[in-house]
Structures are given as C-alpha cells and as structure tokens.
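Before any comments, here is the structure.
The letters A, B, C, D and E name the chains in turn, as written, and every chain counts its residues from 1.
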Amino acid sequence: MTSLLTVDHLGVHFSGLKALDDVSFSLEAGQVRAVIGPNGAGKTTLFNAISGYVRPTHGSVRLNGAEIAHSSPHSISARGLRRTFQNGGLFPALTVLENVMTGLHMQTEGNFIQILFGLRQARQAERDAAAKARRLLKLMKMDQMADIPASELSGGQQRIVEIIRTVASEPPLLLLDEPAVGLSPIARAQMMEIIKRLSGENGVGILLIEHAVELVMAAADRILVMAAGMRIAEGTPAEIRNDKTVLEAYLGHA
Amino acid sequence: DETTGITDDSISIGVMGPFSGNASSYSKAEIGLMAYYQMINDEGGIHGRKLVAIQEDTACDPAKAIAAAKKLIHQDKVFMLQGNSCSGAAVAIKPEVVDAGLPWIVAHAVSDTISTPPSANIFHGVPTGEANGNAMAAFVLSRPDTRNVAIIEHSNDWAHSYSNPARAYLKQQGIEPVLELVMERGQTDATAQVLKLKQAKPDFIIGALYEAETAIFLRDMKKYGLDTPVMGTAGTDLENTLKRVGDLDTVKNYFVVHPYVDNLDGPRMKKWADMIHKYYPDEELTNFSYIAIGSGVALVEALKSIGPDLDRAKLIAALDAIKDLDTGILSSPITWSADERRGVQGSAVAGFVDGKPTVLEAWQTPYQ
Amino acid sequence: MHDILLSISDLNVSYGKKAILRGASYDVRRGECLTLLGANGSGKSTSLNAICGFIKPTSGSVKLMGTELAGLDPHRIFAHGVAQVSQARDLFPDLTVEDNLRLGAMRRGSSTAAQSLATTYQRFPRLADRRKQPTRTLSGGEQQMVAIGRALMSDPLLLLLDEPSGGLSPQLCEEIAQIIDILKAEGVTLLMVEQNLNLAFRAADRFIVLRDGQAVDGGDVAAMAGDHEAIVRNIYL
Amino acid sequence: MLMQLSIAGISQGAIYALIALSLTVIYRSTTIVSFGHGDFVMAGAFLAYILVIGLGFAFLPAGLLAIAAMFAIGIVFSRGLIRPIRGGPHIGLALMSISFGFALRGIARLVWGREVLPMPRVFDVDPIFVGSIIITGDAIFTIGIVAVLLAAFFILLHLTDIGKMVQAVYQSERGARLIGIDVSRFHDFSWGTGAALGAVGGVLIAPVSFLHPDLGASFLIKGFAAMTLGGFGSLGGSVIGGLLLGLAEQYAGAYLNTALIDITAYLLIILVLLIRPRGLFGRKVVIKV
Amino acid sequence: MHTPAESRTAPRWIFWLLPILALAIPLATNPYTQFIINAMLIYTLVTLGFSVVIGNLGQLAFANTAFFGIGAYASAMAGNALGLPWLLTVPLAGLAGAAGGFLASAAALRGIRLYYLAIVTLAFGELMRWFYTHAGALTGGTDGLALDRGDIFGLQLNSDTVQFYIFLLLTTLLVAGTVNLLRSRLGRAIVAVRENEIATASLGIATSRIIVTAFVWSGFVVGIAGAMFALHTGRVFPESFGLTQLIINFAMVLVGGLGSVIGAVLGAVALTALPEYVRAFPGMEEIFFGVIVMVVLLVMPKGLASLLRRVSPIFHETHHRD
C-alpha cells in the first residue's frame, strides 16, 4: 500500500541557506500530523516545497505514489492537495461566500458553453455550490458574514474563512499553516473540531503547522519536530512531550 | 426637400472642420470662410438673405465627421454644406452626402476621390491633390537639370494626396524617385533622413510634411549641410516657416504650393487678411486661412446668378454654370461642369526671391 | 488615583454605516500593560487603529496626557509617541531587515537610533543573522520580530501591540513577555490585543473586554489568574 | 554616418531619458505612472514661452520660474485630484492624470490657438565640429542636464535616508504611516518633483520640437517606452532605456527604413520584454507565499 | 443590513426589459441621433470587453483598441477580398479579435504584467495600425477600406435603423453572455486571479487558463464590435484605432464603473453622448472631456453604476461592489 503523501529526503536551499535539509516522513489518509519547531525552522518552506511553490533542491514528494516534486502549484492542488497560507490568501473583493465558492471551483459543474448561455445545468451547479458554502460557513458561525466582502473582515475572521475555503472541497490532503493564529479560544476549539472530523469521518490526511502546543498535542496523531531545517524528532504527542531534545529546542517554556 | 434650410432672409450652411484635436490648425480654413460669409452679410447678403454658418467639429476623425454631417443634414436641416478640411473625414461622409443630395462645396480637403468620379451634388472648390501634385512636380521639373527627385512624407492620407499625384506626374515624365523617405508626425529629429538624402544626392526633394516637421526637417538639412531645394505642400507657408526656423538661410531653398494670386503679405492678399482680422481679431494667419475663400466667392457668384427664388437644384445648376471664375484670391480660376467637379485645376508655387516670399509660376519665373 | 496616560471616552468608530465601536470608554495607566480581549471581530484592532489615527472616530475622544488625538493624522499621533505593531505587520517587503528597523527610528536622531538598533539585535539575535535579507523572505515569526523591533526603534511612549504572539513559537512568546516587562520598567506603556491567553495573562497587568462595541468588563489580571476556563466562558460566549 | 547617427541618437535619447526619469521619480514613490505627463511637459514649455515672449524675461529665469510653477501645479494636482481617490483602483489614478493632461492640452489649444510656435533656444551655442561630426549646443546641454539629474537622483534615492523613505512608501503605505511618515505630503511632493522635471523636459525639448499643444504626447510614449525598457523604477535603467531607444530609432531609420522610426520603440519593447519580462534592469518581484 | 446574494442581483427578466424597450427607439430618432445611438451600442461592447480584462481580471492590458481594429479590418477585408456579405464577416471578426486576445494573454502568461503589459499591448495596437497604414494592397492604406454594405433579407444595411436592430441584437446577446460568464465560477475565478493569483492556483484552478479565457472572450466581444463599427461608418481607417480611441475607451470603462456590466453600458452611453453635446462649444472638447472625467472620478470613484446601486439593490452585480 502506498501512503497518501511520502516525503523523501526533501531539501530546499536558498543561496547557501539550507532552509530545509533532508526531511523525510509519510502521511496516511485519516491521519493528522503536526509539524512544530522554532521560528524559521523551515516548516513553511516544507509546505511550499510539497505544494509546488518552491522548487526543491533535492528529494522527492509523492502524492498517492505519483511524483509531484516539480509540478506546478495548480496541478498539484488539482490532484487533491489544498493548503492555507501563513500570510493570508483571501480574495478581498469577493464576498465571504464567493471566497468559499471559489474553493469549490473544481467541483462545480458546467462547461464554458453551458455557462455562456446560462443553461440550467450551470445555474443549478452554482446554486448547489452556494448552498454547500453556506453550510460550511455555518459550522464556524460565519454564516452571518456570508455576503460581506472579505476585505471587511477582522484578522481572525479572515483566517477562519480561509480555512473554510481550503477544506470546502474535502480534499484528500490538507496542509494547514498555523490555522489558529489570531483565533479566539472558542474559534480555535471549533476549528480543531472540524479538523478532527475531517480526518476521522472523511479520512482526510492533514499536515498541520502550529505553535499552540496544547492544540497540537490534542489534535495530532504524530508530530514532526524541526529545527534549523532539519528533523530533530518524530513520534506521538506523548513521546514528543517527553523528548529531551525537543524540550531543549522548542517546548522549553510551553 | 429642395428648399430646406432657406428662409426669406437666411441660407443655412453647414461648415464642418477640425475645430479640435491635433489637426485643428486646419480649421483656420473654415474660419476664413466664415469671415467671408460675414463680410457678404455685412454688405447686405445675397438677395436679402444672410449666409448663416452652422459650425460642426469633425476633429479630422471619420466617425465624428459622419455624425457631424448627419446632424447638419437631418437635425439642423441645412440648405447646403461647405468646408471640410481632412480628406479622410470628407471621404467618409461622402456616401451620406450623396444620399442626402444637398449641395456640398469641398473647400479645403484635397483628395481627388471626393469629387471623382463626379457625384450630382459634390463640388471641389480648391486645387485637388492632383492639381497640387502636378504643380509640385512640374515646378520641380521646371528647374533645369532636375534628374533625381527624392520624396519625404508622413504616412497619412493628407501627405499621400500630394505625393501620389506628384509621383504619377514624375513617372509620366520618366522619372522615378531616387529615394522615398518617411518622417512621421511628432518626430523631432530628421538625422537619419537627412543623412540618407546626403548619400542619394537628389536635385530636388518633394516634402509632404506638416508645419512642425517641415521646420525640423529644414533645420536638420541645414545642420548637416544639405542645401538641396525642397518642394513643400500647401500645408505650410514661407512666412511662418521662416518665423519658426528663425533664419532665412535655412528656408531660402524651400518652396511651397501656393494656390494664391500673391504672397501672403502681398498687396493682393491684404484685403482678405483684413477681412479675417475684422471678424476674428485674434486669428493668426497662415496659408490655411485663405484656402476656402475662393470657393466662397464661387458660391456667392452662383447664388447671385440664381435670383431670389432659390432651391438646391438651382444652386447645383448655377454652380455647374461657373466657368473660368477669377476669384481674386486663388491663382487658378474655378470651372465646374457636370462631369468635372474638380473646379481648380492648377496652383502656383511660392519661394524666396531675394529673401522675399514670391509667387512663382515656374523655376525663377514669377507669377504673372 | 493612578496616573492616566491615555484616556478613551465614549469612542464611536464605524466603517461606512456599520458601527464597530459604540461609546467605548477606558483608561490606560502610565507604565502598565493593558490587554484588550474579545471575540474575533469584536473591534480590538479597530480600537488600536482609531487610537493611532488610521481610522477617524466618528465621535468621542482619545486623550494622551490631556492632548486630544482623535482626528489627527497618523504621523502627528506618531509624533506624540504612539507606535503600533499592526496585526498584518505592514513591513516593507523588499527592504532588508536592517532598513526596516532603521526606518522605525527615522523620526529620531541617528545617534540614538544606532544604539536602539544594537538593543534590538540583542533582543532578537535571529534578526542580526538575517539583517541583510529582504523581509519578504523571512519566516512568519521572524517577520513578527521585525515588526515589533521596528516599533520599538521609535522609542514610543505608548506602544500598541496587535497580537504580538501571532506566529511566534512558545519560547519567543515568553521572550516577548520578558521584553514587555523590561519596557514597563523603562516606563513604556502598552496597550495589547492578544488571543493567546497564556501570554495575555503572563504579561498584562489589567484587561478589558470588548463586546458589542463597548468596553463591558475588565479587571486585574492577578485576580483572574488560573481561571482561564471561566474567562473564556465570560469573554467569548 | 554611423558616428553622426549615434550622436543624434544619443541626443534624442537624452530627451527620452529625461521624460523617463521624471516618470520614474513619480512612480518610485507613488506607484503611479503619470500617463498625462506629456502634457505637463507641454505646459512647462508653454509657461516658459509666456514668460520669455509675453513678459520679456530672460530665458534662464523664465525656465526656472516655469519649473517652479510646474512644481506647484504638480502639488496642487496631487492634493486636489489624486489624494481624494488614492484608495481606489490604480487605473483610476492613471486616468486622472490623463484627463488632467487632456484639460491642459485643451487649454493650450484654446489660449494659444492652433499654431506651431518657435521657441527660443536655451543657450544659443554654436554647434561643435569634431572632424565632420556635428554636435549641437542643445544636445550637449540636454545630455549634461540628464547626467546631472541622474546623478542627483541617484544620490538622493540610493545613498540617503530619503531614498529609503521613498522605497518604504512605495512598498507599504500602511507601513510608512506606522513609522510616522506623512504619506500624503510625500506623494504631493513627488508629484511636484515629477511635474517640475517634466517642465525641465519641456523647456529643453520645445526649442527642438517647436511649441504646440501636442508636443508632449509623443514624448510621453517614448519616455514610457524608455522606462519599460530599462525596468520600472530603475533610475539608471530609464536613462539607458532612453539612450537605447534614441539610438535604435536612428539606426533603424538609416539602415532599414525611415518608416520604421515611429515603431522602433514598440518593436524594441516587444523584443526585450519577451526575453526579459521586467525590462533590462527591473528586478523580478518574488512573492512570498 | 446585508441582503443575501440571490436578492442582491436583479431577477433575470429585468435584464431583457431594457433591450425590449429599446426596440421602440427608432420611432423617436432622426438619422443623426440614430447614428449616435448605434455608436453607443458598439461602444458598450468595446467597453465591456475592455472592462473584463482591466476590471475583472485586473490586467493593465491596452490591447482592446487593437481588437477593435482587428475586428473592423477583418470584417472589411473579408467583405472586400472574399466578397462575403457583412453578416458572415461578423463571426470572422469575433474570431480574429479572439485571436488577438489570445496573443495578448500569451504576453501576460509570459510574465509581462502591470505597466509592462500596458505598453506591450499598446505596442501591439500601434503595430497593427502601422500595418493597416503600410499594407495598402490589403487594407487600403491611409485612404481606408470601404465596405460594400449591401443588404440582408432585402433590408438595406446602410440604413441606420436596420443597423440599430442588428446591433441591438448582437449587443444584447454578447452582454447576456458576459453577464452569465461573470456570474459563474469562471467569473469568480477571473476576479480571484486578480485578487491573489497564488492563492487561486492553490485551489486547483489553472490560472493561466482563466487568464486566456478572459482575454479571448474580451477579444471576441470587441472584435464583433469592430465588425459593427465597420458597418456603421462604411469605411475603416487606420486612424480610427489609435491612442485617442484607446483613451476614450479607457475613460468609458472608469466613468461607467470598473468591472461592472451596467457600468460598461452607462460609460459607453455617457461618453458617446458627451462629444455630441459639446459640439455647441467648438474647440472645447478636450477641456470638457478632461474636466468631466476628472469630476466623475472625484465625485463617483466607482463610476456611474454606483449611482444606480445607491438607488436600488437590484443593480448590484456579483463580484463587483463598492
């Protein structure tokens, strides 16, 4: 059986700086794997390399057995990988609802001709997508905000919408980069709920970067700890909590 | 309707011209024409009727010109049309005017296609491109020992309406241009052109360039020590060109098509200059200012001959009856007939003689 | 009586017709760290932006030691010694770390600026390593350090911090808490927005809760310590 | 011939470079390309003309006054017309400057009629002969001014803190506000400077091109082209772009066909951008995700 | 205060009301006013096509005047060289315009963006114009290329009224198609590319395909407008597709409201009518144009369409808001 995602000796160098150095791991469907580590450890770089936004210097990334290490971002995401961005990736001029519906783009039926002539299939597909998007917004209590432009959201609300947009299409593989930043404790709990549900019920494989250690410990099946571009530890939350190197390098004060 | 646009005391005339945009210096022609109307009106009009100009802007743009023509014809319901600088705009409105059937005297645009083949209601009241081109080429060839001729021009319909007939005339005489150059509007340097001319060593240069480019071209010729004579169009004049370049040496070999009986500051033009200044005191006078007046004289002549009972058919007939009319301003007379509507068949040329602008008939041969 | 540095009374702020703050009033005492708490979208960032002039309040007053700030342009308010670390950081992405930091001190003399720069590098050694790198190539946490460092470079009287912990690792959160302590000792006053309750209660002296555009609740941090559950229920539900 | 063409190309190119430089100064601090700049150039020239011909000033003070007046007009334009719509789409700002230019041009046409006027020379210097090669006083003067301005702006923008501020405002207006910069005034000042530079261009160009309401239009395109060739925002790039363009026009005209002079800029641009989408010296913007 | 999306946009029948009412227009016009109204229909399409690219896709592409010229010349040349009746040249003109759009999108995909794209596309238009001027044998050169207007089904095509009905039909269909496109997931994706191209790609959307789609559709719409223009003026000249035309189209987009379909109609109508009103003040057109555009930009930065939106929520358009 091949894993959902296999990362093999992956490295990314920026003119001399080894932002990511020889990292390997794999992720199964239904599993939540957290990636933690100090600032600048290379976590986001790892995500960028997997999702096609930076070109790996060496190593391989396989999605369901197929090599994707040098594919373009959209072709990788078209194969079922979705990610969030650390620094905000919403479409400010679109409404909250439309932002989420854009996440459903690939699932929405209707070819160019049907769309141009406004045929029933295309219109029905639009309505279905809107209905689904509203349902998702309701889960995070954002349905009140569905019709305001994303530019008018607060920082935390933007983050929530981005996550909803990313999970909307129920992709087989999710990469979440610090999803909890700026979320209130309540919103955090709701979000963790959704993450657990996605992996548990829908079998989505989730890779999660997060500094909020209590969340990580609660949500992750396995944890990968990175520092200075390298993997320094790997294991279950319980193992990591007691790992000496990890304590020194990262968890010291948490 | 045959009497649309006339009342007991007025005749309304649609006067189209480029009153805006980057060809607006042409509209000086329409200003001159309207000054002439006002002079006629001040003298009592024609059979008690005043000439009422309804001015419309074409901006030298075909689509705008069509709108202007339709407005004058269908909304303002003018009796006739007179004016029109810019050949492209005139060509564009031709179908509309032909359909409407009202008399149209083209008073500035030169393209022969406006009036050939003749349409029942269209009259050309200025030397056309062919007349001008022939005049240019003939003048060039009247200089003894002209063998090699070069042409420099803009790539637009205006320039081509001069250069193409000139080319045709030269070809008839067995002469192919040794060099054909382009200098586009807005260019502020003619080094490449002048250096090429220096190599080709023509005896005469035909230049179809607007005012600014003419001045730049002449300046650069001087700069690089090229003193070949240049034959320019009616789009420039000697006086203003001299003013622009600042020294006589630069323009002393420059000649222009000059369709008038006298140089611009000569005694026979003074009355016309005074007339324009009377009605438009701030108007700067250039070659364009006078060009439409000749056709105005012809119109008045025709209207006078008809008597008080005026309609369009009568005007068309009266215009066709004009033969060999000395307008007192154009160097060639106007003659119209049903199968030749290019009324002005020739044009004089002007050049500096002893430092003074002088109207010429041929190389070193003053007019009359 | 405490010495009041910033006094906000009956502050109203709206975006177009949408009212965000409706008559919020509270004081910030000199030398303390006050934390604003509230659900997402409750108007915390809006409060900070209204104080530093990015949004003009529709009514109400913001007084800094008796000087009315409401209605002034941001650069004037800045000149009064109010600096902000914004939620979106707003760095200059193509300028280097060092340039970003130095620009923070642009309004001050260059001799003191050089010293502040040294202090900043001391506080964030990671930035010293990255000093020649354009900030857009930094990791999220590193960018946050630059944002905080840049604001400190101006030697503010009042520092507004919008989620300083955003994207920072636990150790760095702790370091931020220590920096806040040092700043307080130096006499800097802080008004902070923070969702990370650990940091909020570790660093702050008092807190204020924003709800429905008003400051509804508040108190001493010490009194609430250890009872996060109750706080969460109180504040966010 | 090659030498003479090159000299002519460089002196034409210097004019393009001057326009490109003034566009760059505005662009670098406001991110706006002033598409109405041709008319600022024209207005500067006309102002100088009024002062010299109408009011009898000597050329140098007239030129300086015209430049100062255009500086003021630039500031007024920025305050009155750009500031209120600053938050809107960029394209609106571009159109605003085009419309302002249209109005300026319309006014020029209305007031000065439809003539092509001669403009007095800056300094009536006799041309210099180097062997058979001729260099006019205008050319030397223009090239000199461009060199001085390039050096001045290079120092200002690359070696001083003002330069850093300019970059800061360009990259993040909010960020600039956060560090206490009065961004609006900064923009006003940049527009003023850009307009004044345009006027420098106008005063230098008009003796060469003659004075008419449309004189700026073609220079704008050339200046814009030069700026693109060099890469947006690069001072040196815009000057080199201008010179390259001037040379290419002369060579294309002399060695290929004079009908190509007018489109040389376009051909060159398409060629260069297909190979380097951000011009010769423009940096590729890397977007951090 | 925010009404749900469904009720924010007009019900579908409202869309058809306008063209149906417009059927009566020729009853109240003379050939001159009819000519102007026909021009409004043509410029509605030009503006709409332009707006899709600069407003919705957010690319500073100035090639639309080029597409316009390509359509017009394709129609005139096909009529002249192949002897096709005008009606059959319309789809050809659309395809030629679409091909132009494809070329422009290729530049954008090559990484030429923003002002770089602006000048490349502008260069494209100027090179086309140079071609019309210098390829006299094909294009008639500077004298322009006359159209043999002929008739369809016995109706004289040089009649302004006949032209009006044809133009009304074409414009209505193309506007409807554009509205459908913009309201669909494709329209959303077009705006998404403008807002954040990287994030759009992360959702599995092939951004390059979206860019090509927007450009090609824009070219198609404007190309057809070109064929209409050729019929309208009866003769095509190179000068009709120059920079002045470009600036006016550009102004139409913004005066109407960037990226708004209603705005495209309003902008085209307003700025086609303006010069006709200004005729009363000869020589003042540039000043009027400049001042009026400046005033609109200042007073209504979101264009005339924003006025309508203030009147009623049915004028709200998807993906387009204040």
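The criterion applied here is as follows: contacts are C-beta pairs under 8 Å (C-beta built on N, C-alpha and C of every residue); 3 or more make two chains touch, one makes a residue touch a chain.
Predicted model, so just to flag it, every value in this text is computed and none were measured.
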{"item": "Those chains which touch chain C and also touch chain B", "value": "D"}
{"item": "Maximum centroid distance from chain A, chain identifier (CA atoms)", "value": "B"}
{"item": "Inter-centroid spacing, chain E versus chain B (mean Cα positions, whole Å)", "value": "37"}
{"item": "Chain A-chain D separation of Cα centroids, rounded to whole Å", "value": "48"}
{"item": "Chain A-chain C separation of Cα centroids, rounded to whole Å", "value": "29"}
{"item": "Distance between the centres, which are taken as Cα means, of chain D and chain C, whole angstrom", "value": "43"}
{"item": "Sequence positions of chain C contacting 2 or more other chains", "value": "18, 88, 137"}
{"item": "Per-residue multi-chain contacts in chain B, two or more chains", "value": "20, 24, 155"}
{"item": "Chain E, residues touching no fewer than two other chains", "value": "134, 198, 283-286"}
{"item": "Residue ranges of chain D touching chain B (in the complex, touch as defined)", "value": "1, 4-5, 8-9, 11-12, 15, 106, 109, 113-118, 127, 134, 136, 205, 208-210, 212-215, 217-218, 249-250, 252-254, 257-259, 261-262"}
{"item": "Chain D residues within the chain C interface of the complex", "value": "161, 164-165, 167-168, 171-172, 174-175, 177-184, 285-288"}
{"item": "Residue ranges of chain A touching chain C (in the complex, touch as defined)", "value": "14, 37-41, 43-45, 86-88, 152-157, 160, 178, 181-187, 211-213, 250-254"}
{"item": "Parts of chain D lying in touch with chain E, wherever the complex brings them together", "value": "33, 81, 84-85, 88-92, 95-96, 98-107, 109-110, 217, 221, 224-225, 228, 232, 259, 262-263, 265-267, 269-270, 273-274, 277-279, 282, 287, 289"}
{"item": "Residues of chain B that touch chain E when the two form their complex", "value": "19-21, 24, 55-57, 59-64, 66-68, 70-71, 73-75, 88, 91-92, 95, 99, 111, 113, 155-157, 160"}
